[in-house]
Amino acid sequence: MEFRIIKAPSQGAIDILMRRKGSARTETPPCMEAVGLVQGRMIEMVVAADIAEKAVGVTVEDIRGSCPQNMILLAIFGDTASVESALRDIKNKAEEGMDIC
Amino acid sequence: MEFRIIKAPSQGAIDILMRRKGSARTETPPCMEAVGLVQGRMIEMVVAADIAEKAVGVTVEDIRGSCPQNMILLAIFGDTASVESALRDIKNKAEEGMDIC
Amino acid sequence: MEFRIIKAPSQGAIDILMRRKGSARTETPPCMEAVGLVQGRMIEMVVAADIAEKAVGVTVEDIRGSCPQNMILLAIFGDTASVESALRDIKNKAEEGMDIC
Amino acid sequence: MEFRIIKAPSQGAIDILMRRKGSARTETPPCMEAVGLVQGRMIEMVVAADIAEKAVGVTVEDIRGSCPQNMILLAIFGDTASVESALRDIKNKAEEGMDIC
Amino acid sequence: MEFRIIKAPSQGAIDILMRRKGSARTETPPCMEAVGLVQGRMIEMVVAADIAEKAVGVTVEDIRGSCPQNMILLAIFGDTASVESALRDIKNKAEEGMDIC
Amino acid sequence: MEFRIIKAPSQGAIDILMRRKGSARTETPPCMEAVGLVQGRMIEMVVAADIAEKAVGVTVEDIRGSCPQNMILLAIFGDTASVESALRDIKNKAEEGMDIC
């Protein structure tokens, strides 16, 4: 998995993400002070999306990859502290989630 | 093959899976206490789907990959114990199934 | 090339294969006691399909991969002994077919 | 580049090739005693198609790969001796064609 | 990430880029003295687009890759000095942006 | 990057290229004594197209890869000497163009 954070994202970068989002949601995320990006294989991204959804103060969007059904990028919008905290959660829990099988 | 388990999945993670499922089934799985994820090449996933279908207490969905015809992810819904048991079955039998040829 | 055999395949596993078959044939294979799976690159699969078609007691279907034109999986239906024999044929003859060029 | 030859191809194997051919030609090749298969990257296949077109006694078809525009397989129909000779031509001239640049 | 710069680009090269741009913008970039190209995985390209958008004197276009949703190339138009400066910014900041997580 | 040259190309090889060209141009190139082929990643091909467009006596076409937006092959038509000279230009300048960043 790979992680990036963009602080005060430009309109151009937000447009690139919004043109590719998977959900049908039409309202823009309430806070776009920062955007966290997570990229990985599909199985990792489903788990990461679940962890991010359970974090507070962030909005999660799956960004479509080379075909509509293939999610390879997750965008997490919110204030900087919340986005950083959600990314840290994904990083820590993704490894721990593997010991069940 | 890779394995993950999500306990008490968030609505967002379930939505991501349901937007991409291969079957035409419209009812949601009866129990979604946990969801097991299995990812692999197509030949492995057909075998894994067969093993999961023969396990008790779980509902199996193939999740479409980069194009509709290419299945790369299997989602197994049920109570936590049943999902863990189905994942363990796949892990053990997938290896043993190769000695025939 | 990779090989798998499923004995007494579940309806779910058969559905996954039938949703992706390349031929326009509408009747189901006469015997589905077992299904053999062969996966490889396209050039290998054309040769494997030819060998399987020449074997007795089995029905061959090419399963579409990531796009309709891309065959990456072959499903061979029949009684267990015939399927095992067809898979063994493919394994042996595929190697021997290379010494012509 | 990879090479295979099928002698007396089964109807099933011919069907798989014909369902995926790139040209709009509707007549079947005049002789289908044997079929030669060549697989490679697109740049190699254009050169191989040119060499095969210049050989005698064979019909050349480009078989579409994972998407219609990406040709990865060449099928060469004819009597066994002509097909073997065309495959040998491709093998020899493909290497020699590289010393120009 | 990979970088290239084309000075005084030919109409043919500009056409190739314009046929594939992601945005719906119809006006051509005000200055096309030079074009900078950046290629990478999607997560890197979103960050690079953000850095380029914040640079002065350049116009940024994301160029679509193998499928419409998968951006793999960024084209940055402007005078030579501005394009070189934007490329240098991307190179320096892309590495530094990783230490947050 | 990979290079090939076909002298006196057969109609079959020209058809394969013309079925996949990116431009909307309808007239055939004025001289098809030889065709040069260049294959590489998209960023390299944009630079190569620019170099070829600036060479004299040749016509440049970008050939579409696995999807309409993905150019992976460049075809350069002209008399043999001009095509060879254009290919040599691409080979030399493509390396030198990297020292700017």
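Per-chain residue numbering starts at 1, and chain names A, B, C, D, E and F are given in the order in which the chains are listed.
The rule we apply is simple: contacts are C-beta pairs under 8 Å (C-beta built on N, C-alpha and C of every residue); 3 or more make two chains touch, one makes a residue touch a chain.
Nothing here was measured: the structure is a model prediction, and the numbers come from that model.
Trainee: Listed by label, which chains are in contact with chain D and with chain F?
Mentor: none
Trainee: If we look at chain B and chain D, which chains touch each of them?
Mentor: C
Trainee: Calculate how many whole Å lie between the centre of chain A and the centre of chain E, each centre taken as the average of the chain's C-alpha atoms.
Mentor: 23
Trainee: Which integer distance in Å separates the CA centroid of chain C from that of chain E?
Mentor: 46
Trainee: Distance between chain A and chain F based on Cα centroids, please, to the nearest Å.
Mentor: Chain centres of chain A and chain F, defined by C-alpha means, are spaced 40 Å apart.
Trainee: Identify all positions of chain D at which a residue touches two or more other chains, and write them in rising order.
Mentor: Those would be 65-67.
Trainee: Indicate which of the five shapes (line, ring, star, complete, other) describes how the chains touch one another.
Mentor: ring
Trainee: If we trace the ring from chain D over to chain F and keep going, which chains do we hit, in order?
Mentor: D, F, E, A, B, C
Trainee: Name, in rising order, each residue of chain A that touches chain B in their complex.
Mentor: Checking each residue of chain A against chain B gives 22-23, 41-47, 49-50, 52-54, 60, 62, 65-67, 69-71, 97-98, 100-101.
Trainee: Where on chain D is chain C touching in the complex?
Mentor: 2-6, 9-13, 15-17, 19-20, 37-39, 63-68, 72-73, 84, 87-88, 91
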